Amino acid sequence: ETIKVGILHSLSGTMAISETTLKDVMLMLIEEQNAKGGVLGMQLEAVVVDPASDWPMFAEKARELIEVNEVAAVFGCWTSVSRKSVLPVFEELNSILFYPVQYEGQESQRNVFYTGAAPNQQAIPAVDYLMNEEGVERWYLAGTDYVYPRTTNQILEAYLKANGVADEDIIINYTPFGHSDWQTIVSEINSFGSAGKKTAVVSTINGDANVPFYIELGNQGISAEDIPVVAFSVGEEELAGLDTGPLVGHLAAWNYFMSIDTPENEEFITAWHEFIGTEDRVTNDPMEAHYIGFNMWVKAVEAAGTTDPDAVIDAMVGVAVPNLTGGLSSMGANHHITKPVFVGEIQADGQFDVVWETPGLVLGDEWSDHLPESADLIADWRAPLSCGNFNVATGSCGGSEIQ
Amino acid sequence: MLEITDVTLQYGAARALRGVSCTAEPGQVTTVLGRNGVGKTSLLRAIVGRHGISGGAIRWEGADIARLSPVLRAQRGIGYVPQGREVFPLLTVRENLETGFAALPRGQRRIPDEVFELFPVLGQMMNRRGGDLSGGQQQQLAIGRAMVMRPRLLVLDEPTEGIQPSIIKDIGRAITWLRSEAGMAILLVEQYFDFARDLADRFCVMDRGEVVMSGTGPEMSGPREPELRRWLTV
Amino acid sequence: MSRPQLLLDGVSRTFDGFKAINNLSMVVDKGELRAVIGPNGAGKTTMMDIITGKTRPDSGKVLWDQRIDLTRMDEADTARLGIGRKFQKPTVFESHTVEDNLRLALKGGRSVWATLFHRRTGPENRRIAELLDLIRLTEARHRPAADLSHGQKQWLEIGMLLAQDPELLLVDEPAAGMTDAETMWTAELLKSIAGDRSVIVVEHDMEFVRELDCRVTVLHQGSVLAEGSLAHVSAMPEVVEVYLGR
Amino acid sequence: MFLRALIAAIGLWLAALPAVAQGFDDLLARLPQGSFNDRAAVVSALAATGDPRAEAVLDALAAGELHMRPSDGALLRVTGRGSNLRGVDVLSGEAVEVAPRSTEPVRVNNSLRRTVRAAMGVLTLRDPNPARRLSAAEAAFRAPDPEQLPAIDLALEAEEDARIRAALTQARAATILRSDAPLAERLEAVETIRARAPRVVISALSPYRAAAEPELAEAAGDAVAAAERTLRLWSQAQNVWFGLSLGSVLLLAAVGLAITFGVMGVINMAHGELVMLGAYTTFVVQNAIRVNAPHLFDWSLLIAAPLAFGVAGLVGVAIERGIVRHLYGRPLETLLATWGVSLILQQAVRSIFGPNNREVGNPSWMSGAFELGQLMITWNRLWILVFSLAIFAILLFVMRRTAIGLQMRAVTQNRAMAASMGIRTGWVDAMTFGLGAGIAGLAGVALSQIDNVSPNLGQNYIVDSFMVVVFGGAGNIWGTLAAAFSLGVANKFLEPYAGAVLAKILILVAIILFIQKRPRGLFAVRGRAVDA
Amino acid sequence: MTRLIATRLIDRRMGIFLIGLFIITVALPIGNLWIEGRPVPSYAVSLMGKYLCYALLAVALDLVWGYCGILSLGHGAFFALGGYAMGMHLMREIGTRGVYANANLPDFMVFLGWQELPWFWWGFDMFWFAALMAMLVPGFLAFVFGWFAFRSRVTGVYLSIITQALTYALMLAFFRNEMGFGGNNGLTDFKDILGFPLQSDRTRVGLMVASAVALAGGLLLARWITTSRLGQVLVCVRDAESRTRFLGYRVEHYKLFIFTLSAMMAGVAGALYTPQVGIINPGEFSPANSIEIVIWVALGGRGTLVGAALGAILVALAKTYFTGWMPEYWLFALGALFIFVTIALPKGVLGAIEGGLGRLRPRRRPTEEVRA
């Protein structure tokens, strides 16, 4: 008898470039856990499917995993739209999803555990850093045209204005997915940045579009000392496809960097290299998120003594496991976790060098406090509240989750 | 010499040729006559390799060519003027003519002057696209193009179709010239009886996929003429 | 007196600097049978293209029935006015059967709704049988038109033209690819149609034209070189020079 | 000698400020602590001490290699990782043992690094190396600090190199502007700075538009406005350049398709994957060069180009012989089969090279940019433009002027008749498709320089390249050229106003509308043959 | 007379297909709802429902491509518009059950700080209106687009590419949050339809049966059209457009009619699809999706209607099966399948089945158009 674990990451199509690694890391974690004797005395069995970067297909495959393969939990999704697509399935079939990617927030669902960063765990600290430590006064927010950048920028815009940044000192610019001709935008950044005020670019540019963006940045000679770029979707994996020489000093904000020097991380990296069979492959933040999420799930299952979703969901809140950066991450009542926030600078070897970090761990804020619509909302999945969008002003649990 | 023996040809289940035999000799014009749909074009298609045969043999200059590809047949000196012209519509007249070079050794790759003597209009329209020419001009181009190949066997499918009377006469003269001066074997399908008769050294008449009558050129206007004409009327 | 069915007045058309039709004027009366001859490239087919709206003239007038300007119409419009055409290179609907080709050409409703709710009728069937018989393709009626030989396609086109029952028939080289006997027979057919209908025939076969026994227009370099009876024009040295040859 | 005097002068001046009047060792101890802003002050002070050891410390700090050993507070310069970890005591210069995680990095960020550079600039304004002097002068211009004015003046006095003198003069002007010098002097400084490139003028003078003195504010405002006018004029030229450059990318992506699709009529959905193969070939070549012959790296693209042509061309020939050959006469079904091929090629690359981006580097001659007036022209874009035009020219020559080109066109117009003319249709088909595929491979070499090298590479270009070929007029190679450049330029003129997304939408709508006017594309093949 | 119509509409292949469809629509629900132990999981029901929507979409495309020679590379747009129309209704149905509990505005609008419902959302709270719009909006777009394109005589690849440009432009437009259709996430988190909860098995079965009925209806309608005189004219247009004009048929009217009708069918398919997959987003407009529809039709057998439906179901089935069975290598299998079918089964899967059975009289496949 085995316990099945579903892995729902695109192995083909546009998202394969990011998600395949997460499938691999899950296989590694499961293998390691099995070597340690499995869970509840049973071996784990990974069930891998390929939703092929097709959003409705994510829902179909989620249903297949839960209904046909009867998995105990699913680790998967990258894009927000894929997560949105599977939410109703997890709710209806009452199963568990671990979502490992930084996202825009504004969501808390009983069946989902969000192990990636919410905006307050990435975007806001990064902007704080630029404002306070680099004296940035002018902001160019460049993003790919989809929900994560749009939401993040909306939150940032509210936040920046609240901090006294003038309208004309903020530009928000969106580009299509896979945008590859950045000449105009980079030159616009160049002009915007030469108005005598310290300027920074906040990039929520997604995936494939980053490589040509940074190449253009390098070639037009925009150096980090003049106009630093801080990115929320660029990690070690993205840099692996680039000559980072001209990009040294540009920034990224994450909750994990491969370069962070802790024994746990070293062990993790060694295991990863061994598992994947090459020293060339890097590790990144969503991988750590899966590492944390998986260990939390194992712990919660052991605590509950069963894989029954209701029991596990209840057992999850409060579970704490070591993360890879030397701290102990724990699961909040809002199904988001606590994480440290790091700002790192790109190095010539494609790694990041941490220049700043939050003093302690930060709990993911599911409903942004910086947006009027969600300022009054909180999520708390513990009894008796058990609500994903409790309105503290009206004192009611508004929305879908109440029966 | 071209020898066709007992050739059958099928389009799917329908038979277009049923045991056709005939010959074409160098220095002679062989004409094939027959009403619409009796299989004349099918016979020529079999010879040039446009359509595979299901029985019989086609021998040219002593070798069996029935299994050869159209390219190899062209390279063995068989030139083809198809029914419906088939000029390359987007190539210029010059380029159309130059396609005839493919089967020639490098040294011979030039357009013979006779082409322009025979069809002066081609010379005037060298840079016009083949597809823009009038019907008759295209027909002239198709014949000229085959002449560029300098074939030893020239297969012509109704070459006078759509051509003005004066040029038909010229074509007649040209065929005579090619036959005698160049010693070409010429196989001519023709509906225009007088034209065929004037040129033919030999003739054969087809009906429903079979050769029903054959003979020498002079016989076309003699006692056998009424019989011949009968095969051509409905 | 006879009324002009079709009038071309000073029509010109240039292709990439080449004057295909050059100040061409011509009148065809109602019920007239007219033969048009002329060297290859004289502009005969182009003239038909202009009449049917396929090609727009650069200048000049084309009047139908003395009032309708054909230069503003497209192919479907002219067909609906009653101008039918047989092409020099036979073009039929290859994936339809011979019979269906004729049915589609048959005079009748051409609108989307008419065809959607169309039902076959007895008279229609009889007319089809008649036409099939006339073009001698009764045996081939259920074969796809793609399977026909070149000459058979010519006949099918003629059949389709007749099925349309047009006011004016434009017939481009009907005798090409026909045996002599068929050629003569076709000439008889066209003669029998004329009177009721107007007919313009283009042909290079002088026997055929002689048989038509009608007024002949000789085109050369896009304009009229001569007009008159065949005997008259073929005696003209210019015509012999550019067209008939010696 | 001079240096010492200078440092002494600065030291004296700084001594007046109590906050920084600290001993060198004191300052060193404070270097690893506090906020970046605090530490920036420490760095300036360190430089001001004039202590010769400062340079080594600052150098290590700027390189991000300065570590502190918590056990004794020693400052080490640490390089390497894991087993290669090596340490040097910055003050003594002696090598020391370091165990992993026994030291903590002294963090630098961009602003601190800038301060370090400026601080070191003071130390290098009189460096014997002219290049270092020049960059020190530039640094002083960009981060003007009134405290450095005496140093700049001294340097200016001694400087002989005209270029460096000019730079120093500018730096001096910027510094004066920042200082509380008399108004006349500062107005003069504005005039001096005005001579520089517009962008620099804007950046340097914008803050003074809000100066307290109205004359100064006006002068600065004038200068900035003039610079902005110049830039606006140039921005049109810049749009043209960007457009041509985008056009060249479109041309590259499409030109192979102009053959396989435009000329042959094969709907080749695997075209993008052939481009991808070219890019991966470049990756493999560069990898081999990096490992075996690093000195050849600058040649890597020239070596990769023929190989990419060969690899993609051979795959193309294989596709033609294996699949497309069976489909002449049913051209639309090539869509189904080549779609299948494209899936297989994508997955094959994913299986062999992994799903991630692979790194393809820019050779030195393709990196960086140069300025042409106010135009910033990047070398890689320029070379790609040249490359695309060269490919186009070669292709045009092959198609129009060679026998094989004639045969290619003949075969695609009427395969059976071409065979009857003695043209080896099979061979010609294979060569034509192979040529189109090979050119796609060449495009991949160029695209590897500006885009991801990933299994998705091909998919990113397929829609655009069909659009270009069709918009230009299928079957007309000139049309492809015209379409690529006109779409590129149009896009780049729209983008600044409409944004990238809307610009793209507008371009698509424009294509739809344009096709209504010219139903057979920009350079339509016209005439009887086509409208039959 | 009715017999005559029946034989005209239902030839052997259509008959067999409809019987198969009927069996599925009866057997799956019974197995899912009424048999002990539920041998048919709900998963299979909604999957089948989705396949049937694809099949209807494929039939719609076959109507224009197979019979009229219009290779639309943008049919996904009509499907998606139908899907959005239904999605908008489902969004409105959520009411106060959204996360922000706003009775008037869907969640994403609240989140974007919108104050009131944009005008183009008016009326979508009524099912009948949404259902109508699911047909009318795609139909209208097709009509306007077709009216210009066909009148200008845009044909062949030129038409194909502008249809692709159309769907591509729509995709980018729908990505934009400003458009008011939920941006890249599209519309999700639906609760119920006509008062039936979407998460219940009965609703799912109902939707699947509705899809089956729509497919059968679509097939019969398409068959009725293609066997009429109008259908013959369409084939004429496909094979020799210019010649058709010379017979007096206004080709553009015919094209416009069939294109608009086909777009409306695609819209219906989309409207049924959305509630069954639970999401509609701009990805449905992506050019690759539209190309895939063409692939279904080509694979099944162009110009056969039933073949198109079969092709859609087969490819979707293969995808479902392969992505679970060999997630890392399934593209090899699918690619190989496409290549195999084109080369080995020139008449598509349907042609191969019929040829293999050999019982049915060989029907001539219409000859291909010479150049795309």
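As written, the chains take the letters A, B, C, D and E, and residue 1 is the first residue of each chain.
One rule holds for everything that comes next: a residue touches a chain if its C-beta (ideal position, glycine included) is under 8 Å from a C-beta of that chain, and two chains touch if they have at least 3 such contacts.
Just so it is clear, the structure is predicted and the values come from calculations on it, not from any experiment.
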item: Any chain in contact with subunit A as well as subunit D; value: E
item: Maximum centroid distance from subunit E, chain identifier (CA atoms); value: B
item: Middle chain, criterion being Cα centroid separation; value: E
item: Pair joined by more contacting C-beta pairs (B-D or A-E); value: A-E
item: Chain whose Cα centroid lies at the greatest distance from that of subunit C; value: A
item: Between subunit C and subunit E, centroid-to-centroid distance (C-alpha), Å; value: 45
item: Intercentroid distance (Cα basis), subunit C paired with subunit A, Å; value: 74
item: Set of subunit E residues in contact with two or more other chains; value: 172, 175-176, 242, 328, 331
item: Contacts with 2+ other chains: residues of subunit C; value: 15, 54, 91
item: Multi-partner residues of subunit A (at least 2 other chains); value: 11-12, 145, 174, 176
item: Residues of subunit A defined as touching subunit D within the complex; value: 11-14, 16-17, 20-21, 132-135, 145, 173-176, 178-181, 183-185, 187-188, 190-191, 193-197, 208, 211-212, 215-216, 218-221, 224-225, 228, 237-238, 240-243, 246, 249, 261, 345, 347, 353-356
item: Of all residues in subunit E, those that touch subunit A in their complex; value: 41-43, 46-47, 50, 94, 96-101, 110-113, 172, 175-177, 183-186, 188-191, 198-199, 277-279, 281, 283, 319-320, 323-324, 327-328, 330-331
item: Complex contact set, residues of subunit D against subunit A; value: 35-37, 64, 100-101, 105, 107-111, 113-114, 117, 199-200, 202-207, 231, 238-239, 242, 245-246, 249, 346-347, 350, 354-359, 361-362, 367-369, 376, 378-381, 449-456, 459-460, 491-492, 495-496, 499-501, 504
item: In the complex with subunit B, residue positions of subunit C that touch it; value: 15, 18, 38-42, 44-45, 88-89, 136, 147-152, 154-155, 173, 176-182, 185, 204-206, 242-246
item: Parts of subunit B lying in touch with subunit C, wherever the complex brings them together; value: 11, 14, 35-38, 41, 83-84, 121, 128, 132-137, 139-140, 158, 161-170, 191-193, 229, 232-234
